[in-house]
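Structure incoming, see below.
Note that the chains take the letters A, B, C and D in the order they are written out, and that residue 1 is the start of every chain.
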Amino acid sequence: MSPGARGHHLRVAWVEWSMSLLGLALLVVAFAAALSVASVGLPSGVRARTSGALTCLIGLAGVAAGASALLGDSLSVAAPGLLPLSSAVLSVDPLAGFFMFVVGGVAIAAGVYSVGYAHPDEDAHDGATLPTGVSSRTVHAALPLFAAAMVMVPAAGNVTTFLVLWEVMALLSLLLVLAEHRARPEVGGAGVWYAAMTHAGLVAILLGLVALATAAGTESFAGMREAGPGLPSGVRTVVFLLVFAGFGSKAGLVPLHVWLPRAHPEAPSYVSALMSAAMVNLGLYGVLRVGFDLLGGGPRWWWVLVLAVGALSALYGVLQASVATDLKRLLAYSTTENLGLIFVGVGAAGMFAADGDSTLAGLLMAAALLHTANHAAFKTVLFLGAGSVLRSTGLRDLDKMGGLARRMPVTTALFGVGALAASGLPPGNGFVSEWLLLQGLIHSLSGEVEPDVVVAIAMPLAVGAVALTAGLGVVTFVKAFGIGFLARPRSPEAMAASEAPGTLRAGMVLAAVGCAVLAVAPLLLVRSLDRVLLTMSPIGQESPVHGAVMLELSGISGSMSPVLIAVSLAGGAALLALVVGRLGRRQPRRTALVWGCGGTRLSPRMEYTATSYAEPLTRVFDDVLRPEHDVDITHHVESRYLVESVRFRQRVPDRVEARLYPPLVAGVNWWASVARRLQNGSTHRYLAYGLIGLLLVLIVLGVTS
Amino acid sequence: MSTALYTQLLYLVCGGLLLTSVLTLWRRELSALIRLLTAQGVLLAALAALLGTQDGGLELFAVAFGVLLLKAGVLPVVLRRVLVDSGAARETQPLVNVPSSLLAAALLTLLAYAVSRPLVDLDPTPTTHAVPVGIAMVLLGFFVLVTRRRALSQVIGFLLLDNGIAATAFLVTAGVPVIVELAVSMDLLLVVLVLQVLTARLRAAFGDTDIDELRELRD
Amino acid sequence: MRGILRKIQKVGRVAEPALPVDLSGRQGDEMFGGSIQVRHVDAGSCNGCEVEITSAFGPVYDLERYGVRLVASPRHADVLLVTGPVTRNMVDPLRKAYEAMPAPKRVVALGDCARNCGVFAGGYGVHGAVGDVVPVDVEIPGCPPEPEAIISALRGLSGR
Amino acid sequence: MSGPALWSVVGVVIQVLLVVLGAPLLVALMRQVRARLEGRAGAGLGQPWRDLRKQLRKEPIAPDGSTVVFTAAPVVALSSALLIVAAIPLITTTSPLDDVADLYAVVSLLLVGSVAMALAGIDTGSAFGGMGSSRTITVAALAEPTLLVAGFALSVRVGSSNLGSLVEHAQRAPSVVLSPATLLAAAALWIVVVAEAGRLPVDNPATHLELTMIHEATTLEYAGRDLALVELGSAIRLTILLGLWGNLFLPWGVATTVTPGALALGVLVMVVKVAVLGAALGASEVFMAKWRLFRVPELLAGSFLFGVLAVSSSFFLA
């Protein structure tokens, strides 16, 4: 096309964009991203602030865009010729808006947090072990770009745009994961795993979407939406399976979760937060977009599969998390767990949608989306909190932590808020979405007609799985918070901990406020999900949840009021405290040494550690976890009967990884070696390949014609 | 009696059968297992009698009496004697540990429900609705046979299996002819006696009744 | 199960009727109000006293009926019941146990050894009587004291 | 304030007072039953109240190095228990807090109490505290599936997981109570009640051996009024569990309308039910020994099996 025409198009696009708040917000994102590239030149201190500020700005823009899309504003523009071979198409609907909203929210907190992370703040005398590498130019430039890419991915309106944005997001996240590779060698390994998994996923997504596009005859999502439901079921199934595998690996579902527990611990904590609270959700977005929107739902067995994978991921994730001793590894596994719960909701919603029960489908989908938002909120708090601990003590190993509550009170309180939410207990926000999910599952069978066999068998097992997940989740976070922050420090590093500087606290507070709002007023979000559900054609039309302060399920009897629980709990506790305090004026509280059965030398080494805390579970689930113990006993020099010291070490390796991946890797290696044999650098051989190829082509032509 | 009452009693009896079957997987003491089996025999007889009240004929009552005599009377006595001879008081270690086999039992029951669904749909009456119980008993019996080591608990698994077959037969066809039921039970008695001899021999040969020892007979 | 039932039927109630005891000369502990939790410390006893304590809490004397209970943690305890002469290694633990108890608290020295080292007086491993380590409120003489003595002393404290 | 609303508030107040005053008596009753079966005389029904009165007068102690969590835990545990008492149908199904009385909400609130005590156990910094905390929370976590699946079985027929409507439905259709599904659910939930209340064979509330403790080990450091709160809290917890079990499976007598007469009857029936169940539980403990900790999962797996059987038999046996 002629330059003039392109200019014209761009001008039209410009006009369309700048009309709505939505468009404006997207423009802001674009410009902020551009600025961040430009900001590479600045000196380090300023650069950190700019990068943080830009990330924050992008987050705000994302929230604004998402909110306006959730409120019904929509946008669809094409910038032809911006990308090779096709035009960049952006179209934002409520579904996209929801994810932009969530991602943006996370980006705000992470942006604020990132400012002080690599730098000692001026006022405080914090002798923190400052992480090296995160203050490099690349990282500072990559952070806002990563946030921008994540905000834009849901806005993509056709396959090419989507894939380009997706790949940009993947590469930038890889860059950020590798930020500290100079400081710690293991970062490199994590990066390799992450790169391999994310690109394997990309290939699957690519194949799936291309297959869909070719079958539908168009690459624009709008066109696919038209054609999708009509396609032959074989194609639809292949597309769905490919796409589910690809997006599932990004969402960290078992067995494609292996990159999470490796990449998250090694990445800088605010990057972990961005990846674990925001990026994984885009995997969910992909499944929803393709499965419910473009393909317009599918046969029930798809969703039974999704449900099964979700339940498996939830159980395996929480089991690994409950025995993990590395705090960030624990949080990574808990991400697998929560995404698993979300996919349980999605799968069940799909099942009921396939059966035409739109009430339950809507309820379960709403539960899944609400849990997505909740997970984003509390996982941000938790990762940022873990980051503050890591920054101030250099510790990730729970066995060495403890006693942080006195040394980092703010961080402890905020981490506590996150942990409460993550363990799904009232009055946390995780409780609300888990309640909705269980309501959906529990009401699935209570009809007059006898339930269908598959449902009748799947639902009790699903309820059992969700319940066990919830229970073990409680263990996990009691361990993480109790062992990590309470009691007395178990190591000199923990002893020397000091409170995190201002911007870090600010970042955590922002995320914690998000948790609190979602906890007491979930309806603010739930009500606006109605439009999102409408964009997924097979899901119900009417709003699944209504009510003002009380969640009332429509279509089925069920109501619960998180506000009431929160208020009455707080009120009751305050009242009791008052009464007891009045009683207590006669007898002030005294502090005394811990009672150790008269033992004379009690040391913090005698406290329970994370390992010993999880020991009962490790035994109960021995057959699944297969922990590796090694005990070495040093005998006394004089006599073998006197033991000088006993040393016990336990590792709980990821069995899925150990069983599944070595054969894969071996296969890939074999293939590589074959490929190597093909080329030995001799020019003649390459020419010979060329000749053979030419001859083959000629022969084929000769035969066919 | 009224249909409502009949249904209620029927379902209670079936629930009892299911319960006794899964408890067989839980308990380790062989004497407790025998007691469970006796209870199951009584329940089975009750089931037959209940069905008898519906179709009116005396035949089913006769069957009920036979079942009671054999499964709640003779077999337990014989089994106790085997127990006394073999001297093994407990199922030492089953091949699958107890919690896992309990979870397996849950899955087996759900499976039984799934597979018996078409059967039920043929003519959905209260009686046929309970068919899954019979099938679940069969599956559980098989499971016991597979996972238990002691010869005696093998016998018990076998009897559970047979009870399951009988229950299914009752529920599907509202009763099998007396003669068939008696013949089957007689075979059973025979089997038990044979196994008693076998266990005695086993103990004589290996000083133990762990049937894995039989592998040694191969060479 | 059936066996136990039969035994219960056969044995019936073995607790003897409550002993008459005069609570007039008691150490005036209104505040315990008929409930004391006892933490027992063996500071080096020959276990004669332990036997008597056991029988005092056993079904026949049933000390629990007067609101006296043995507890595991000194934090829950009102009364520290010490037996035996305090051996060197038990000095520190005994003191710790006393400090670990919430006020108001009482110490009972049970048996002659606890009161004045008894036959162990001057033993090389003996540090001294209980009184030398922690303040003693009530002393129960006897080697070993009879359950009746123990009961009346503790009832004096609990006031029941 | 209109008549019914006023009366429903009165009903809740009565309910809370009844439980708070009665819970220690329940504990006393169980001890007394046990003592009598052992041939003892027993300390009498008033004893727990005497203990509480005395502990309230005594000096509280916080272990060195502990945080506010340690002192706040008993308050949180007790208040969550009280919230449950105010919400669930014990003497009347017409609580104004009825919307909290959803099965899953109540289960989670119970869990809040255990979590508070578990954190306190860790916070003491003693090895016993950590041990007890780890065991308590593990048992609670493994009991969770049973609770929800059995509740699922009950709610399938009613079409709601609200405890009030469960009880009312059971009252309307008494025949349901004798259906296999309900009986299996009852068995499953009884096991869970025993586990959650920390009774034999899961936990021995009367033990003095720290290494065998589950729940007691988290309370070893408490003294004075803190201890009083802890013991009152666990007594109320026990009452809740027994009362709820009683009302779900023997629903008769619970007031569904708020007339003075109905409330009075509700109170009477509640007292009888809880007393009988408590006596049964206490008596049963004479016949059992505590199980090894690692046989407890077997028990809970069994209860989960009962739960699943209850759900599935509610399809084909009802």
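Observations
The rule we apply is simple: a residue touches a chain if its C-beta (ideal position, glycine included) is under 8 Å from a C-beta of that chain, and two chains touch if they have at least 3 such contacts.
This structure is a prediction, so every number in the text was calculated from the model and none was measured.
Just count the C-beta contacts per chain pair and the biggest one is A-D. Mean C-alpha positions place chain A and chain B at a centre distance of 50 Å. Put simply, the C-alpha centre of chain A and that of chain D have 37 angstrom between them. Per-chain CA centroids place chain B at a distance of 57 Å from chain C. Within chain A, the positions touching two or more other chains are listed as 456, 460, 587, 590, 592-593, 595, 597.
In chain C, the residues that reach two or more other chains under the touch definition are 73, 75, 100, 102-103. Residue positions 110, 113 of chain B each touch two or more of the other chains. Pairwise chain contacts in this structure: A-B, A-C, A-D, B-D, C-D. Listed in rising order, the residues of chain C touching chain D in the complex are 1, 4, 8, 11-15, 18, 31-37, 59, 62, 64-67, 69-73, 75-76, 78, 100-104. Interface residues of chain D, counted against chain C in their complex, comprise 35-44, 47, 50-51, 53-54, 57-61, 207-210, 213, 216, 220-224, 227, 286-287.
Listing the residues of chain B that touch chain A in their complex gives 100, 110, 113-114, 117.
Residues 587, 590, 592-593, 595, 597-600 of chain A touch chain C in their complex.
The touching residues of chain D, counted against chain A in their complex, run 56-67, 69, 71-72, 75-76, 78-80, 82-83, 86, 97, 99-100, 102, 104-105, 108-109, 111-112, 115, 118-119, 122-127, 129-131, 133-135, 137-138, 140-145, 147-149, 151-152, 155-162, 165, 210, 220-221, 224-225, 229, 293-294, 297, 304, 307-308, 311-312, 315.
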